[in-house]
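Structures are listed in the sections that come next.
What follows is chain A paired twice: with chain B in the first complex and chain C in the second.
On to the complex of A and B.
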């Protein structure tokens, strides 16, 4: 079964439930969603609305209880763990709320790691990573370890790691949650710029209204279900 | 440096105290094993050298059943044939005659085993002539002089120059008696020699026992050119009416014990490595537990389980490599100290002999590159194997659950 080829991500009646009986929690409930190439989409909603769970099942980090997920037209809900790991490595860039950089690697090495996993030769990696760090304005911090960087700089390194390998989509789970409002705004501006200039597709979760204003599309999640799908101009 | 090793090295430096403790244990283990191997080898080699080069030799030739009966009449037929083979094969050979009788000095007397030897050949073949406690060993030209065992000398109250009266039953049925001067007292070589040996020139022996050139034993020593079995094989072809025995057959208990000692080294090292393995396992379990979120994140990014296993194992490998280098250096230094100063076991009391054979009481070391190579490889393998369990545990983590850990 294949979906529209310009659609990067498609979910069909995707459900993710936790627990059972009276303690059953419908974290994601019957979600139908399409993300097209080049979109800059935010998933909004209060804490516990299922934003992270939806991102997790889209990325294959978690399995759906029912429903189907498609990535580039292929149904990934049928994938084995090994195939899902491959999918994440080759098609998805991740940005986490807590940055999740390897503390023992420098900014340069953190960004380089995914490229190494993909088997890219060292000289190509060097050019690619330096170009990305330069684009994100942290080339001068290449040799710094995460502990030597501010929160905003660490999140930029995380974005550099996510986009260095030219993924099909970047999934960001509350990327600005641990940043002050000024740094958060500048980071979202930078992500929007990458989307605008480089055509990188972003799907991220947030409940910060200032961040949501920058998004081209906002999906509002309430109790695990999409309650609104707004397009901003 | 590849990124994997960079991560491994830096991860080790994250908890310096923990790494240092594990590293110290590994270094200690390496150094001790290297020293133990070298010391055990020295002891085993020294023991074999003592057995083969002092008096017994690698191989002995006797008339059939001589060893059970020890009769003066059970001598080797045509010993020249065997001596000729020895000469041809460049194996040192010493013909000996044995007889039994009484030895007396003044009012003291004791049973004695009389040795008739060729001093020149004995010196060329064995070193017991150098093991003199008092006096000198006689040479080819000196007759009517004997060298006696230490305990026999004590029981006879013998001193250098004492007159020893030998009373024996000669081969012709007559009583042989003669007076000899004690020229030397032997150090402890073997229990038998210590207690009863009266060593004299072959010509004196022939006169005393009227033995007419009877040879009871030909002791052979290739001086490490051949193994005892190879030496025995050279004579097997010519052996018709003689019994040819290697030292391992002559002293089976001792040979077994030395063989067991060799195996014991590996058993000891196995026990050492089990202990080390648990230490490394504990360290790596703690390390992977501390970094559970990182492994979850790496899996989320698409890192394959085998790479996480490789990352954890690399950490153990880097740790073991450092331990192997430092441990080898410490081990070599320990061996150098052992070689220079030795450990004198005689001060701990008791005699240093087994199966009646005396051993050098000072333990030294005989370090061979194989000791270092074995220890290094075994330490690395042990560390990597011990890290497999935490590595597999980390590789099988669910990324979501792992990233939720605090």
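On to the complex of A and C.
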């Protein structure tokens, strides 16, 4: 195994096909990819190019058709569902396109959710969550329920939830797609800052050119295959 | 532990989120439970009252009888040594009183005719307190301990024989040795129980006279009846009483001495239970529907929770907890409403005449009863009903939690 200490994600000839015969869709087709700690990488490509599917097989939300995926050197394509759940809980922070906060929990409780699942003691949790909410500028919304928050605020809570638990990597599938461009820009700025200052690794998908400009690295997917891999600056 | 509290919080808030639906299903199952609880405890109250009236008037909650008497009642099948036995049994703390009965058959005669009667030799002092016959005297008066050659008869018998209070009648029968015995009595009272069988057939005389005509001694009786302070103690007392049995005295429960009533109660209670059971099951379907729906429509949310790394078992516990609380509130609702109603009817009583129309008296298997009914709440009924509803609700959640593991998370979150 090529367990490079800094490589956190590696895919080898990863394929994910849907359907069969006539209707076979090669959503992810033979992707080889390495993500190192500290990266701020965007997966670009038009709708239907396989961005979500690639993120899903990396996080184990979906199973590969063939190929292998490694996380911190461990082959997660061999994992059971239970191990995958544990992997996501311990190592992956998620940010979804449509926020996906739990509606019955407040902003604070949503951000706290993963820490709670991990069994972190209450007082530690409180400090951690309040610090993160504060950093994201939504500490004053801690007691609000998602329905009482704007899209931008909800997505900040989602980012707070994703990073509060210090994940190995934050996977974000089109995190700004449901936000207006101004909110989107400030959100990306915030993620970039978290990457710069806290060293949090981000792998996200987007097809918004302005957002791709902020990324250190842009992988371009075309019909499920990586067609370009640019490093900015 | 903290995780568990979070699950409780999630479960309760999820119920609170669909307030209307939660309210509807809680009240549906609550009402079903309340109705069942009310009618079952009312039934139990009615049966207890029927039984109580009947055993007081007849042979007690249980009695000592000659072992062969039940199969072929005859005057020579009597319990001997009743006085000692009576003292022994009266010493048990659960026993309210004991009563002696001499029971035989004979013919009553007047100038207008003769007819067969059931003769009961009774102890007036005791019967006066306990028997419904004493309460139902419509003309004249009931027997007293000091009475000699006095008789009380039913109003139908009085009509047939055209006798009035104060008139003379002759009782004729065979004594225990098979010899003919006749005795003159004066009608002291006429009763109207409302049940034709009793009103046209039963006569009561003081036990001393009965012993005399049947040639029984002071120490003999057909039945030594035992009345309990609390009918529920029956099994316990039966065990204690077992040691007082002899070759002329065996134990008979009221169910054996009053088989018609006992059968009536058994079948009526059975059909009541079946009926209420069906209703509860129907109401449980509402709650089942709620549980399934609320799980089904939250597939997306569950997918989010699973994507975030929530262990499957925790999600399962969350759903079971939701059902746990739903069932709890339903059971509580039913308990408060049904139990409250039943309690009211237990304390204040409820006149059946408000609901049913009776011609004359309320008669069940030849026994006449008061129309004021009282519920009888028992721990068992409350526990079985409320616990059953609660438990079934919890069990229902096992259906949707089986589906959780099959949720295609990636597809749902697309």
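Note that the second predicted complex is superposed on the first by the 231 of 233 C-alpha atoms of A that agree within 3 Å, B and C clash if a C-alpha of one lies under 4 Å from a C-alpha of the other, contacts with A are read in each partner's own complex, and residues count from 1 in each chain.
Here, contacts are C-beta pairs under 8 Å (C-beta built on N, C-alpha and C of every residue); 3 or more make two chains touch, one makes a residue touch a chain.
Quantities reported herein were computed from a predicted structural model and do not represent experimental measurements.
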{"item": "Simultaneous placement of chain C and chain B on chain A, clash or fit", "value": "clash"}
{"item": "Contacts of A:96 with chain B and chain C, given as first, second, both or neither", "value": "both"}
{"item": "Touching partner for A:105 - first (chain B), second (chain C), both, neither", "value": "both"}
{"item": "Which of chain B and chain C A:61 touches, first, second, both or neither", "value": "both"}
{"item": "First (chain B), second (chain C), both or neither touched by A:119", "value": "second"}
{"item": "Which of chain B and chain C A:190 touches, first, second, both or neither", "value": "neither"}
{"item": "Which superposed partner A:177 touches (first chain B, second chain C, both, neither)", "value": "neither"}
{"item": "Doubly contacted chain A residues - partners chain C and chain B", "value": "56, 59, 61-62, 82, 85-90, 92, 94, 96, 100, 102-105, 109, 113-114, 116-117, 161"}
{"item": "Residues of chain A that touch chain C when the two form their complex", "value": "52-53, 56, 59, 61-62, 81-82, 85-90, 92, 94, 96, 100, 102-105, 109, 113-114, 116-117, 119, 122, 161"}
{"item": "Chain B-touching residues of chain A, taken from the complex the two chains share", "value": "56, 59, 61-62, 82, 85-90, 92, 94, 96, 100, 102-105, 109, 112-114, 116-117, 161"}
{"item": "Footprint of chain A on chain C - complex, ascending", "value": "2-3, 6, 9-10, 13-14, 16-17, 300-301, 304-312, 314, 405, 409-411, 413-414"}
{"item": "Residue ranges of chain B in contact with chain A within the complex", "value": "3, 6-7, 10-11, 14, 293-294, 297-304, 307, 399-400, 403"}
